[in-house]
Amino acid sequence: MKTRSAIFCLGMVAILGMFAVANPAHAQDKLIKIGGLFPMSGPGAYFGAQDKQGIELAIEQFNKAGVNGYKLEVKFEDSACSPLPATQAAKRLLEQYKPLVVVGEECSDATLAVMPVMEQAKVPLLNAGSSSIKITDPGNPWTFRIMPNEVMQGVDIATHAYKRLNARTAVLLYENTNAGIGNAKVFGDTFKALGGQILADIGFGRDVNDFTSIATRITGLGKVDVIPTYTLEGQGLRITQALAQAGVTKGGGGQSIQLGTIWLPFGFEQKAGKASLGYVRIVQFDPTDKREVVQDFIRTFKAKYNQDPTHINAHAFDQILLIADVVRRGATDAQSVRDIMAGTKNFSGVTGSVEFDKTNQNIKMDTIHYMETLPDLSWKALGWN
Amino acid sequence: MSTVLLQQGINGVVLGSLYVLVALGLTLIYGVLVQINFAHADVVTIGAFAAYFFTFTFGGNYLASIAVALLVGAILGWLVNAAIFAPLRERGSELLPLIATIGVSVLLQNVMLLWFGPIPYAFDSPYSNQVIRLWGGTFITGQNLIIIVVSTLTIALLYAFMKFTFMGKALRAVAQDRETAGLMGINPNHLIMLTFVIASALAGMGGAMLGPILVLTPFAGTTVIVKAFAIVIIGGFGNVEGTIIAGLLVGLIESYTTQFVNPGLIDIVVFTLLLMMLAFRPTGLIAEKREENV
Amino acid sequence: MTISGRVAGQADGRRNSDKVLFRSKSLNKSFGGVHAVRDISLNIPHGGVFAIIGPNGAGKSTLLNLMSGLYQPDSGTMSLDGVDLVGLKAHRRVRLGLARTFQKIRLFKHLPVLDNVIAGFHIHHDIPAWQYVLQGTAFRRDYARCRHEARKLLSFVGLEERAKARAGSLAYGEQRMLELARALATSPRLLVVDEPAAGLNAAEVEKLLDRITQLRAGGMTVVIVEHNMDLVMKVADRVLVMDYGQYLFEGAPAEAQVDPGVVAAYLGA
Amino acid sequence: MSSRDHTELANPFDRSSVSRRWWLLGAIVTIGLLPLVFQDSYWRTNLIVCALNVMLAIGLDFILGYAGQLNLGHSAFYGIGAYVSTLVITKLGLPFWVAFLCGIVLAGAAGMALSMFAVRLRGHYLAIASLGFAVIVHQVLVNWISLTQGPLGIYGIKPPPEIALPGLPVISFGNSANMFYLVAGFALLFYVLLDQLVRSPIGETLTAIREDEVSASSLGINCPAWKVFAFGAGSAVAGAAGAFYASSVGTLVPDAFIITESFTILAMVIVGGMGTLIGPVWGAILLTVLPEVLRGFGDLRLVLYGAALTLVVLFMPGGIVQAAQIVRAQFDRLRARLEAG
């Protein structure tokens, strides 16, 4: 018993000791403090880890020379992709770090929960990864989004599917999350309004492991032209494989075309293999884009992390790029960051250009690019936008 | 339509076999120790990662990686028992080990998150995309065939072990009456250790076979474990035959729920069945009468 | 005094129904293939010590569990003071005045000795429910009364010094006595004691029997279930002997000792 | 006072009731001071979350620590309280306090229903049954989109209405300090209620059931009924916490009530010390504050959390209460040694 309590005490002392080394204080003049609200723990860490890479790369680049004499600094808080932890993380950032601007969250629920906190503190929130329409409609003056929202994406994809792919029947596949349900609904409504038909509406949890059953069900639905799919990379991969195995999609000798969202990273085709043949999807980040900003990003990213950047890396990078641009245009405090950011026009980043409307939604659609997967698993840019 | 129905049956059996592999370990542990092990899920995950790294980092053969995962699982089982269950056994609490395994589970998941990162691994075995055509337009992938074959073999081996070897008989004896083991001249601690090693080896192996099917992240095992608990209950805690039947049943329920209703409702259907089972037949599908000695 | 199935001891002149406290008729209980209690009928009169004896595995404990409501019989009837017991849950029977102890001691091991006894007062709290929350005068009176009574019971069994000890820390003999005190807290009319002497030394047995004698003197009906025949001879007024779940003999203790059937059963013939 | 009738009893009741009054006063003063010490809204949110978790932990402890019912689905009652109270306001247009009551009643009723359903089950069977129940509740919240909005979430839930008493300044619960006073006040109220119950014969009855059901029924205790009662009371408290969760966070999504939330609450009870009411209070506070303080560790945070939980169970299974007892015993021994010279 004695040794046990001794071990216990040692363990506790060790844990407490680790508190002491945490949180070293910083002090520096001429600093633009940026808060980063991203999920770092739990399944949502998928986003946070990639956001962090993109942001740190951008900050490193800007701090070589500084922006208008300012250096950029970022502090991340784990917002866990969930409303309460996100508001707590946001409040902690605001109270203790006092950033001029905050970037994040990825999950729409978390972003929506954080928005009133930011508004109250009068600190702008720059979002790139949440698609819920509610974030900017009605939104609030302090929240900006550089990514097209679910309505912009959904209407666009559904219209192209109907007009360019001549699709008349569709099956909706989506994860049962805010983003999944929201995007699928917009697609469905638009497609039906155009005269298309939704043969099945299949939502599933993020814990579903086997997609063969779903693919099998689709084989029994007759002629399915397009299958808009709203999932993250992990499940997306399995779905694409299952659909090909069941002979539904072109990759498996079938006729259906899978339609994808910006959620899937570059490199998805290589992982999915032949199953992804004919997959038409929008990407937020096109590595084949010849613009200098894109090619520089890819080169420096590979140099730093020794891997190919994803769209999440890219939109995180763009968030800092935009903030640096706002600082360059003279922003020095939270209010001026907000005001100058709201007036952004013709900003050009890795994922495309940015111009905000009244609700602070980026109205430029060139942030999404249509791609089709070719037999050698490379991309063919469709140039629909 | 009949092809679709038949195909869903095959899908259900494949999924069920996977669940059985995970649930069997849980039911073995419960039978002998009357303890619930939440860390079992993470043994599955670690088994999957072991197989992944063996195949992709070290260039090993996928089938050999199943054996590697089995070994890794066995070692983990030994560790979990030695570190958690053995010290807590004397306390005789049914709750403390359960909580401790929740703690271990959180610990393991987050250590894996640190090491392996949150981005899903694309773990495809050489058999993942092989499609084998069966009768009447149905098909099965090579990977799924491996799952069914290996599961069946494992279950048969386990059965033979339990039925024909001395240790196996002792295990069954302990599962039925814990005092008997002492009478058979076996150190119950060794038996419990053996149970853990076998159960976790099954989980590790299950991980290696699940890896190419599920989304391999540090949280992969947790998506299976709650359902595995349901299967263990539906089959009757500690009852191997019941677990096998229940596993297949749940697999079939999943595929037919997907077909006729919506995959989003699978959990509701499965767990409602669980509650019904508990209310009307708490001894499980195959009743095993245990009388309380007063 | 007692009547059993076939013999129906009419010779005994005291079969006046109002004198009978517990009455059973043709009780049967099987577990799987084992017929643990077979066609047992018995009448236990008011007052006195009634012993149910038999070798191990004779079905005594099963009979007791049928009486206390832990098991329900497959067939047959039972009544306590005219109230039908069949189908009645164990806790309902306690309210009718039936209390028991257990062969394998079942105390609340982690609770203090005093609290074990106080738990026995469960059916005797008669304060309104809101008093439990507000804890007014009535509650405090009840609280003090229970503690007072509990201490009296503890001193009756000789455990007043150990009131604050954890029940699990008591010696085996003390645990038996505590179980007795706890059962007495329910103020039973019929107290069933299961294998009271098991695991006790001679002095402890003596003490236990003395308390049982005192209880009988106080007018309580006590049923002792025991396999040790010698022990019950000293205290029992009447014995029922069982073997293989069946009625074997029923009558005065002295007669039982010379009954050839009983002797054969005990000598393992 | 009846103890006078039994002077030989050295009744501990009076003494403890006096010291309890001081403790209560101390708790009220502490609650009053806390928001004044912690002025920023981040820490005030943490205070509110602490109070919510205290409610959840004592509710679970009543079920688990006292009645011995292995409940792994406490998050379900939390979620029911949150959604019912919110939907009663938004769909039926009833005032907050009515909705609050509905949340409590429905959560309690759900707890009782589960308990009745599982009345024959003990130990691990109940654990898995309650786990299954929590999965079902979560999935219903996810899938019943027409009612609950599912994963789309409910946003902009208003705090409880202002209290305007004549002659006093208006109390607005948009103010985080006031919201904390409200939640903590209710947490204290529930604590006192449960504390009274466990100190009454009901507490003895429940612990008797926890220790040995067969034995308890041999004393006339109707075990199923009391288990249902304990489950109902504990889950009703969770329902109240849920109603406050909705109105203080302002956002509801089903994933806030996922089964792992049950494990977190369970950990609070265990780390604090199961079977005492004060233990889970400290456990809830510690496990709410600790992860926040550990934010500095970033990715290591949950590793430490898991390790700490395991270590506590292995080496200090009585939790904080046991640790405090050990410290006190050491202190007493030291003092005795000093006094002895």
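Just so it is clear, A, B, C and D label the chains in written order, and each chain counts residues from 1 on its own.
In this section, a residue touches a chain if its C-beta (ideal position, glycine included) is under 8 Å from a C-beta of that chain, and two chains touch if they have at least 3 such contacts.
From a predicted model like this one, the values you see are computed outputs, not experimental measurements.
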| item | value |
| --- | --- |
| Closest chain to the centre of mass proxy, which here is the mean CA position | D |
| Far-end chain from chain A, centres as C-alpha averages | C |
| Length of the line joining the C-alpha centres of chain B and chain C, rounded to whole Å | 47 |
| Centroid spacing, where centroids are CA-atom means, of chain A and chain B in whole angstrom | 35 |
| Chain centre separation in whole Å, for chain D relative to chain B (CA means) | 33 |
| Overlap residues in chain B, where contacts from two or more other chains coincide | 110, 113, 262, 264, 267, 294 |
| Where chain A touches two or more other chains at once, by residue number | 41, 176, 205 |
| Touching two or more other chains - residues of chain C | 70, 102, 106 |
| Complex contacts: residues of chain D adjacent to chain B | 64, 70, 117-118, 120-121, 123-125, 127-129, 131-133, 135-136, 139-140, 142-143, 214, 259, 263, 266-267, 270, 274, 299-303, 305-314, 317 |
| Complex contact set, residues of chain C against chain D | 68-70, 89-92, 94-95, 99-100, 102, 106-111, 115, 118-123, 125, 132-135, 137, 139-148, 151, 182-183, 185-186 |
| Chain A-touching residues of chain D, taken from the complex the two chains share | 40-43, 45-46, 49, 139, 142-143, 145, 150-153, 155-156, 245, 249-253, 255-256, 292-299, 301-302, 304, 307-308, 311, 314-316, 326 |
| Chain B to chain A touching residues, read off their complex | 1, 3-4, 7-8, 11-12, 14-15, 110, 113, 117-120, 122, 124, 128-129, 131, 139, 141, 144, 210, 213-217, 219, 222-224, 254-255, 258-259, 262-264, 266-267 |
| Residue ranges of chain B in contact with chain D within the complex | 30, 34, 36, 84, 87-88, 91, 93-100, 102-111, 113-114, 226, 229-230, 232-233, 237, 262, 264-265, 267-268, 271-272, 274-275, 278-279, 282, 292, 294 |
